[in-house]
Amino acid sequence: MTDHNTYPFDIARIRADFPILDQEAHPGKRLVFLDSAASSQKPRQVIDAMAAYYTRDHANVHRGIHVLSERATDAYEGAREKIRAFVNARSHREIVFTRNTTESVNLVAGSWGRANLGPGDVVVLSAMEHHSNIVPWQILAAERGFTIRYIPVTGTGELDLDAYAGFLRDDPVKLVSVLHVSNVLGTVNPVTEMIRDAHAAGALFMIDGAQSVPHLAVDVQALDVDFLAFSSHKMAGPTGLGVLYGKRAILEAMPPYMGGGEMIRRVTLEGSQWNDLPHKFEAGTPAIAEAVGLGAAVDYLGALGMDNVLAHERIIVEYAMDRLAEVPGLTIYGPDTDRRNGVTTFTLKDIHAHDVAQLLDAEGVAIRAGHHCAMPLHQHLGVPATARASFYVYNTKADVDALVEAIYNARKLFRF
Amino acid sequence: MTDHNTYPFDIARIRADFPILDQEAHPGKRLVFLDSAASSQKPRQVIDAMAAYYTRDHANVHRGIHVLSERATDAYEGAREKIRAFVNARSHREIVFTRNTTESVNLVAGSWGRANLGPGDVVVLSAMEHHSNIVPWQILAAERGFTIRYIPVTGTGELDLDAYAGFLRDDPVKLVSVLHVSNVLGTVNPVTEMIRDAHAAGALFMIDGAQSVPHLAVDVQALDVDFLAFSSHKMAGPTGLGVLYGKRAILEAMPPYMGGGEMIRRVTLEGSQWNDLPHKFEAGTPAIAEAVGLGAAVDYLGALGMDNVLAHERIIVEYAMDRLAEVPGLTIYGPDTDRRNGVTTFTLKDIHAHDVAQLLDAEGVAIRAGHHCAMPLHQHLGVPATARASFYVYNTKADVDALVEAIYNARKLFRF
Amino acid sequence: MDLYLDNIIDHGQNPRNFGPPLDPADIDYADDNPFCGDHLHLTVQLDDEERVKAVSWEGQGCTISQASASMLGEEMIGKTLDELKHFDKEDLLDLLGIQLSPTRLKCALLSLKVLKAGAYGLHTWTGDESEE
Amino acid sequence: MDLYLDNIIDHGQNPRNFGPPLDPADIDYADDNPFCGDHLHLTVQLDDEERVKAVSWEGQGCTISQASASMLGEEMIGKTLDELKHFDKEDLLDLLGIQLSPTRLKCALLSLKVLKAGAYGLHTWTGDESEE
């Protein structure tokens, strides 16, 4: 049970770590940042770690025989080890650095998918997926001729698990790829059971962890998941870096995704041999400083404790759900508080979500409006756009109060 | 004519901008950084611009309706505009952000190449290419069945232009992709004439500008080049960011490379429509802070003046060539000073290049040793590994003196 | 709160010339902005001198896009095709009387985009006239 | 200059047991490290008690890899197969008596990798025994 009145950590100290929060969005209007699901802010520990890296240690990594290159390699591979520990992967070789969640999914589609999927095969996605877990599969399906099935979304904003069971029973499913936490509905999908069932049916399972890894403890060995994709920039780390976890045996068997330096063992004019994992999938000079930054972010989150991060967010989300429920004309999308996390998405009578966001911005409250890269889900919801407030470790109940007050102001302006 | 005794800018002030240079590599040994061809150092203007971005302006870009998202979008698109101006592209829509040069090449191979190349077609590369401009084409050739021809390297370390003319005359060449400046030999290839001839033969031309864009003024309109690839981290900018320039009409006709958010206009469960350029090629949350950093780097280089950057490097390279020529047992690879830029690559009698690098490191001198991601070129040179000293705006003749002195020390230890 | 001036809200909530398509129509064009779900269908009748005689539009979207369509529709009436051709982004923004960020600019410009595409077949007009 | 101790340079420049392959050989294996161009071909003869009787290796590479092969070759002689099985990375580094960065570690370990692969068919041994 979460206690509504006690944050699990000292929120004032945390807010002091995020310098960006201490500003006015407009003259006299304190910045209230409720757009962390799009991209989170960074603590100074992360900003400083990257600046320190560039100020003292930078050189290209791997195979450099001088002190800076050794330090840079240690920093880069040390960050990989931190991230391995954060998701409890068995080996650092299972942690591949990419640009973002989107590239992680494209890597699996372009390498594993292109090698393993063909006519007759089925890939199962869901109707609540982010575009990054739909479009790569659509493009590949057009090329390779396999079939995509979408698990429908129920009236409560959850996955239709009967339909899922039906797909696994009736179709030659080779891969299931589903998001862990919805960036629109906040739904936390029952991935443990879904993975077990997929494996029983002989299918691999990939989790889009873009909205889960930043917010709750994800243990790839406990889940027995085959692939996990997530983004640094949503978990207090820098932009320009994503992660793909993959089980070693599966990654070993996959062809490379991009070709270039670092990913080869030997190149002749006639052909090439690939390097060991994870380098096989990291062509060219990697995002070194960004890995250092994500390492610092993971240290930061680890010091807070992911259970505390989750507990804190549950307090804020519960409070937001309660307060927003009072607002006349406001519709909230997604499941009940106990089955959701991180976001509250709503519409306000017939005011377009863009107008809502703009009016809230004028009050200093930063939310996101639109389809949140989930157009098919919005088609299902029957609205072209929604407004979304999303929360992270630095948000407070006072932020929720500011949101609700700004919504009341918007109602007044639109005279209802 | 370069004046050997006058640097074109105040070198002490420039060195003061690069805080990393002001340290000892080992106790009592000043750091002498001669590994910029692998990755350059960053001035504090770049480090500070990124820290300031995270401290004041960060949010996800595009379509956010709040003040931070607007500032982040302005910063990101503003950086694109700076880079457009830096290479003199006609439109910002022709500047695609990638992770590095390697990804830029893979993008062209995976999108343009997969759509346009098939059995009977020929792609022309050269035997002095970096692996990043060989391996993607080899992988695609295995899939699509076209043929790769390599322009041979002459005894002076230059491209065999007769062979090139022969390819264009005799083969159905669809694309020529060649590096502008060799990262091993320093050779500056005559791309203006090569592009003209490729176009006359009906082929497109791509430049690997990883070692030219950081060092000399590259004007894509004057060159009339079709694609240009380069990396931020080699031009005083951050890691995790690369650029692909492409002519608009060609990019418009290309299918997307990766699928996901940002790159689509509309997604349904049945299929998708692509977004406008450049977004069609930028799937997922981009490297926002990194673009800001590269923008600052381009401002920095622009303020120095690329002609001055080149003039400065020519002074250093000429001095290095002269001083290294005196060292008994030292072999320099590549053309004469007047046809090269940026690097001096050598071997020292029969001491393995790794031993040379290690011994130099002990003296504080950071060089790179190995095949420099150009194994085919090293096969041609007949040595498995070479030692490379490379130079940038912050290097001085004193750095070259330190290099030469350290080499003499290595000779002594190996008793020759 | 500078964006939501009284007249913007008024036009947004009480759009002028809003209604089913004219038939026959001299200009008939529809487009959308999938990011917002904004949609606009515009029909126009001209008189013998190629002046706009009647305008009708329907669609849905945010207040900015609806107000922009409403104000542009009013402005068009009585103008010649040639005058409309010279009517540009700046003129529309003057009409609206507000400053817009690039994101919201797209909302405001949908109506102009539909007009230009419908009247001149400029299907590739991106609303970004400054670029070549 | 800690890496280039006199004995390393001595073994590098005057490698022991360097020569053409033994024939017949009980162990015969070659591998390389393409990054450096280091190459090593090792042959070993055993006596009746499975003790190493003779070692011969040839190859090319940096001083560290050559010295490592030379020292390892000397060390092997007289040892049983079982003793060699327990000879690990740490033992080799003790022999060399130097601290190595991960990059140079690969140079030093090539000889051990060839020995392990040749003697036990451990073709996938990466020299990184700490990982599972």
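As written, the chains take the letters A, B, C and D, and residue 1 is the first residue of each chain.
Everything that follows uses one rule, which is that a contact is a pair of C-beta atoms (placed from the backbone, for glycine too) under 8 Å apart; a residue touches a chain by one contact, two chains touch by 3 or more.
Bear in mind the structure is a predicted one, so any value in this text is a computation, not a measurement.
The greater number of contacting C-beta pairs, out of the two interfaces A-D and A-C, is seen for A-C. A separation of 46 Å divides the Cα centre of chain B from that of chain C. One finds 38 Å separating the Cα centroids of chain A and chain C. In terms of their C-alpha centroids, the spacing between chain C and chain D amounts to 78 Å.
Looking at chain D, one finds that residues 34-35, 104 touch two or more other chains. Each of residues 63-65, 69, 266, 354, 358, 370, 375 in chain B touches at least two other chains. Under the contact rule stated at the top, the pairs of chains that touch are A-B, A-C, A-D, B-C, B-D. Per the touch definition, chain C reaches chain A in the complex via residues 1-4, 9, 13, 34-38, 60-64, 104, 107.
Looking at the complex, you find that chain D touches chain A at residues 34-35, 101-104, 126, 131-132. Every residue of chain A that touches chain C in the complex is listed here, in rising order: 351-355, 358-359, 362, 370-371, 375, 378, 383-385, 413-414.
Chain B meets chain C in the complex at residues 62-65, 69-70, 73-74, 77, 90-93, 265-266, 273, 276. Residue ranges of chain B in contact with chain A, taken from their complex: 19-20, 23, 25-26, 31, 33, 35, 38-39, 41-42, 44, 46-47, 50-51, 54-60, 63-69, 99-103, 105-106, 109-110, 127, 130-132, 134-139, 142, 148, 150, 231, 233, 238-242, 256, 258-264, 266-269, 271-272, 283-290, 354, 357-358, 360-361, 365-370, 373, 375-376, 379.
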